[in-house]
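What follows is a pair of complexes built around chain A, which joins chain B in one and chain C in the other.
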Partner chain A sequence: MLSNTYPVISVKDLKRTYSAKIGVMNQKKKSVEALKGISFDIYPGEIFGLLGPNGAGKTTTIKILTTLLAPTSGEAKVFGYEAFGEEKFIRHRINFIFGGERSLYWRLSGEDNLKFFADIYKIPRSKQNELLDCLFDEVGLTDVRKHKVETYSKGMKQRLQIARALLNEPEVIFLDEPSLGLDPVAARALKKMVRQIADQGKTVLLTTHYMQEAEELCDRIAIINDGEVVALDTIAGLKTIAQNESNNDANLSLEDIYVHFIEGRAICKV
Partner chain B sequence: MDSFKRLIRKATLSYKGLFAVMSVQQYLMVNLGSPLMQMLCFTLIARYVYGTVDISHWFIGNALVLTYFNAIFGVGVQLTQEKNSGTLKLLVASPSSGVGIFLPRAMLHIFDGLLTVLFGLVIGSLIFDFYLPISSWPAFLLILLVASFSAMAFGLIISCLGLLTRDLNLVLNIASMAMLGLTGANFPLDRMPVWLQPIGQLMPLTRSIEASRSLYSGALLSDLSGILLGEFILGIVLMAIGVVMFSIMTRVAVKLGVLEMF
Partner chain C sequence: MQSLNVLTASAMQQFRTSIGRPMFRFCVLVQPIIFGLLLGMMYLEKSDMDFTLYAVFGSGLSTFWASICFSSASDIHRERWYGTLETIYAAPAGFKWIVLGKIIGNSIWGFLSICISFSVVTLVFQKQIVISNYLWLGIGLILMTLSLIAIGYLFAALFTLSRNARVLMNFMEYPVYILCGILFPIEQLPELLRYLAYGFSPTWAVKIIRYAVWGGTWNEVSPYIGGLMILTLGYLLISVIMFERIDAKCRVDATLEVY
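Right, the complex of A and B next:
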């Protein structure tokens, strides 16, 4: 369907092994194969979901694509450039948020945080004021922009992160469990913002454990388990496969589909 | 103009975000209290050891060496602090280079370090009868500025080590001891083991301490320009090493997957 456009993100047979030392006296090297050769393409304007249990390799994938981790082998390209080696052609065009409350300077105000990163991203001073007003408005933090981040709630911190990630007008934005620990209202606000980001034509790669969030947002989903992609399609496509494989005509929810691909198949194989 | 404004704001915000304390009392306690106590301690030891001899010599050394406090605990820990606040990855994955990211951070510490030394001098003049004629103060300030600059440049190198090790404390202790022990602040360099002497010459502050002592003994700034230039160049070299180390070590950290490990 999208064969006439080039993918913004292209991952081919990507592998990553971590080596960790265990023990104190007799240190042994233990290696963990976090990614065992995954492949997928993401096209411009898509919201692409990466679902999978804890430890499946989602964060590892995002770290590689955001130039923060080198692949062990295989290919990870963003805009056609290698994520490790050609990062200077990528970095100014992407941005990302990792879940959790860190990644901000808690002692600074929300405004100072954005100013700092605006300078780090070399955004011209003449544009900054208007941009910051706009972003604070977009994430609904205008009235607390002068307050210290340590006084923000989790949801507010997450919204500030979004504003931070939009500073450089990225073409691709990576969201690793952005709704982690948010209350339902904050999670809904976040969902709305992700939708808005996509409506502006940006490409989004999202990981989440909330099936409803994935269902409402994602155009296509890759389910990843133990370092391997076990399924990749639109939600409707995944549903068809799951229904066929499990001989189940019932109207499967995304959660049913997810459980099928993570557990059901394994049980079938035994 | 934009890049200058950026430099200033990055300097103040990173100082505020990571190092600066919240109140004046806290500043006095943390940034002045402990370094000044240390200066008094070492100077009093010197007085004990050297008896009635004028100890201004040792006092000056110990005052200048106070810049180590900002160099190690301000600049030296900065990248580890970024790791702790989860912001290191944001900086590394930004389009800014090492120069743009971590040089501005050393800037305010240069002045903070200088301020600490000035406080030390005031206290010293009250306790130890330290006296420097007014006419020598501009020259003395210049020496202090250069000293603080090269101390912070040294701190940049230390901070890079934080990218790859989780035992930064060990590094910080060794670096502090080196600054206290190998710069001539507390022990005469020429009486150290021969193999240690070249290291003393490569340390920041060694030349500034020598210059300020000479100034105190009546030398003119013009006599000291060579040695002062030496300290300045050493600072530039240390800084360049720091910048290169930053880019090499972030790359190694990205390869090993330890950019965010503690």
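Right, the complex of A and C next:
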């Protein structure tokens, strides 16, 4: 289904190095290589999972693709445009959610939050009321839309973030650990919403630590470790590789596969 | 039209969010009262003109300046902690417009603090408030507000570029009180510091307000009006250049994030 379609996201030999100063009196510069040359393509309508341990480079990858961070070298393209340098052609067509409860103004109501974000996404005010009604309904927050966000539960804040991310009807949504800290019911509701987003034809790039979530949602998965992609395929494909490499015919779960690629074998770049 | 929507939305969002913070409420609602009472007591035995200039307007200007330091400048830092900095940075409306709207929102509160101190000092001390020229007063207050917006904008640019600019904010508050003639005449300062004082726009604004209180001709006031306008435009120009450079630099240096 993918080979004859142009990728909506294209990453080639992407590297990113962070510099930090250490110490107070005798400051020393320290460099950390967060991405060591990763490559992958994501195609329209896919839910693409990026899995890996903390510090593997998942968030760095997402921040580069969402035009929030510059790559040190390599290529990061969205809709064929460079994420660093051609961001004005990208920003109005994407949106993102970073995990946790941030990225909202807690002292404002849910409605005031969305109205503000609608204005800065240049959505005409004549369309805003109808759009907000629709989005609050979709994320199930209609009853509390006039309440301050600081009174919302974690799950409600996350649902409000989803509504915010859908305001500009993005073609690609980046979800960085969206279910972080959610209870099982809220996490299930979130999964349902992500599935609905994908059913609308939008492309989703998802990072998560929850294997079940990735297994249920993702069409393809890249496993990233220490700044390198160590495996990339469909879940069935990853399973076959892991089974062959470990000479294990047992029915491996995604967690088994993940552990295999992170711990169970020497890194083999794809 | 949409750019105007962005400015008003951003100003209104900031207007509501800022007043929700206890520290900001203290800055713009309580501090003008404290400063007004403090300066009122200090200048009670002085002439009505000195009382008007330093107790009434000095207290208002100093709290306006405090609100610029602790809101417009530090709001970028606060947005970074809220996690909203990245969201507004990547919004199609343009980061510089959104930030400008926020600073306008804060400045409305800052201007209100002048009104509060004016009312408190007038009511409590029952001294005669002397204003010899309302035109100079109007021009001075309007230009001063615009100039403080420009300074807030400049600070916001610095804060976007550097996570350590918070030090600058704390460093800037008191020197302006001392250098700019807000609380006492700059003629009391050593000559070298007086030259330095003219690099800060509040010094020029205070001079215009001084002429509003003491009276003065166009020829006397116009150099200060011109100086204040040039400085304000200079601040704005530097801010705009910085915002142009920010777009690439803060992504290279990764300063949009908390860590």
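By definition in this document, the second predicted complex is superposed on the first by the 264 of 270 C-alpha atoms of A that agree within 3 Å, B and C clash if a C-alpha of one lies under 4 Å from a C-alpha of the other, contacts with A are read in each partner's own complex, and residues count from 1 in each chain.
Keep this in mind: a residue touches a chain if its C-beta (ideal position, glycine included) is under 8 Å from a C-beta of that chain, and two chains touch if they have at least 3 such contacts.
No experiment lies behind these values; they were computed from the predicted model shown.
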{"item": "Overlay on chain A: chain C relative to chain B, clash or fit", "value": "clash"}
{"item": "Chain B versus chain C as contact partner of A:Y6, first or second or both or neither", "value": "neither"}
{"item": "Chain B versus chain C as contact partner of A:F116, first or second or both or neither", "value": "both"}
{"item": "First (chain B), second (chain C), both or neither touched by A:S103", "value": "both"}
{"item": "Chain B versus chain C as contact partner of A:F89, first or second or both or neither", "value": "neither"}
{"item": "Chain A positions touched by chain B in one structure and by chain C in the second", "value": "18, 63, 66-70, 84, 87-88, 91-92, 96, 98, 100, 102-108, 112, 115-117, 119-122, 124-125, 164, 168"}
{"item": "Residue ranges of chain A touching chain C (in the complex, touch as defined)", "value": "18, 63, 66-70, 84, 87-88, 91-92, 96, 98, 100, 102-108, 112, 115-117, 119-122, 124-125, 164, 168"}
{"item": "Residues of chain A touching chain B in the complex", "value": "16, 18, 63, 66-70, 84, 87-88, 91-92, 94, 96, 98, 100, 102-108, 112, 115-117, 119-122, 124-125, 164, 168"}
{"item": "For the chain C and chain A complex, residues of the former touching the latter", "value": "2, 5-6, 9-10, 12-13, 16-17, 20-21, 82-84, 86-93, 98, 248, 251-252, 254, 256-257"}
{"item": "Chain B residues touching chain A - in the complex, by the definition given at the top", "value": "2, 5-6, 9-10, 13-14, 16-18, 20, 22, 85-87, 89-96, 100-101, 254-255, 257, 259-260"}
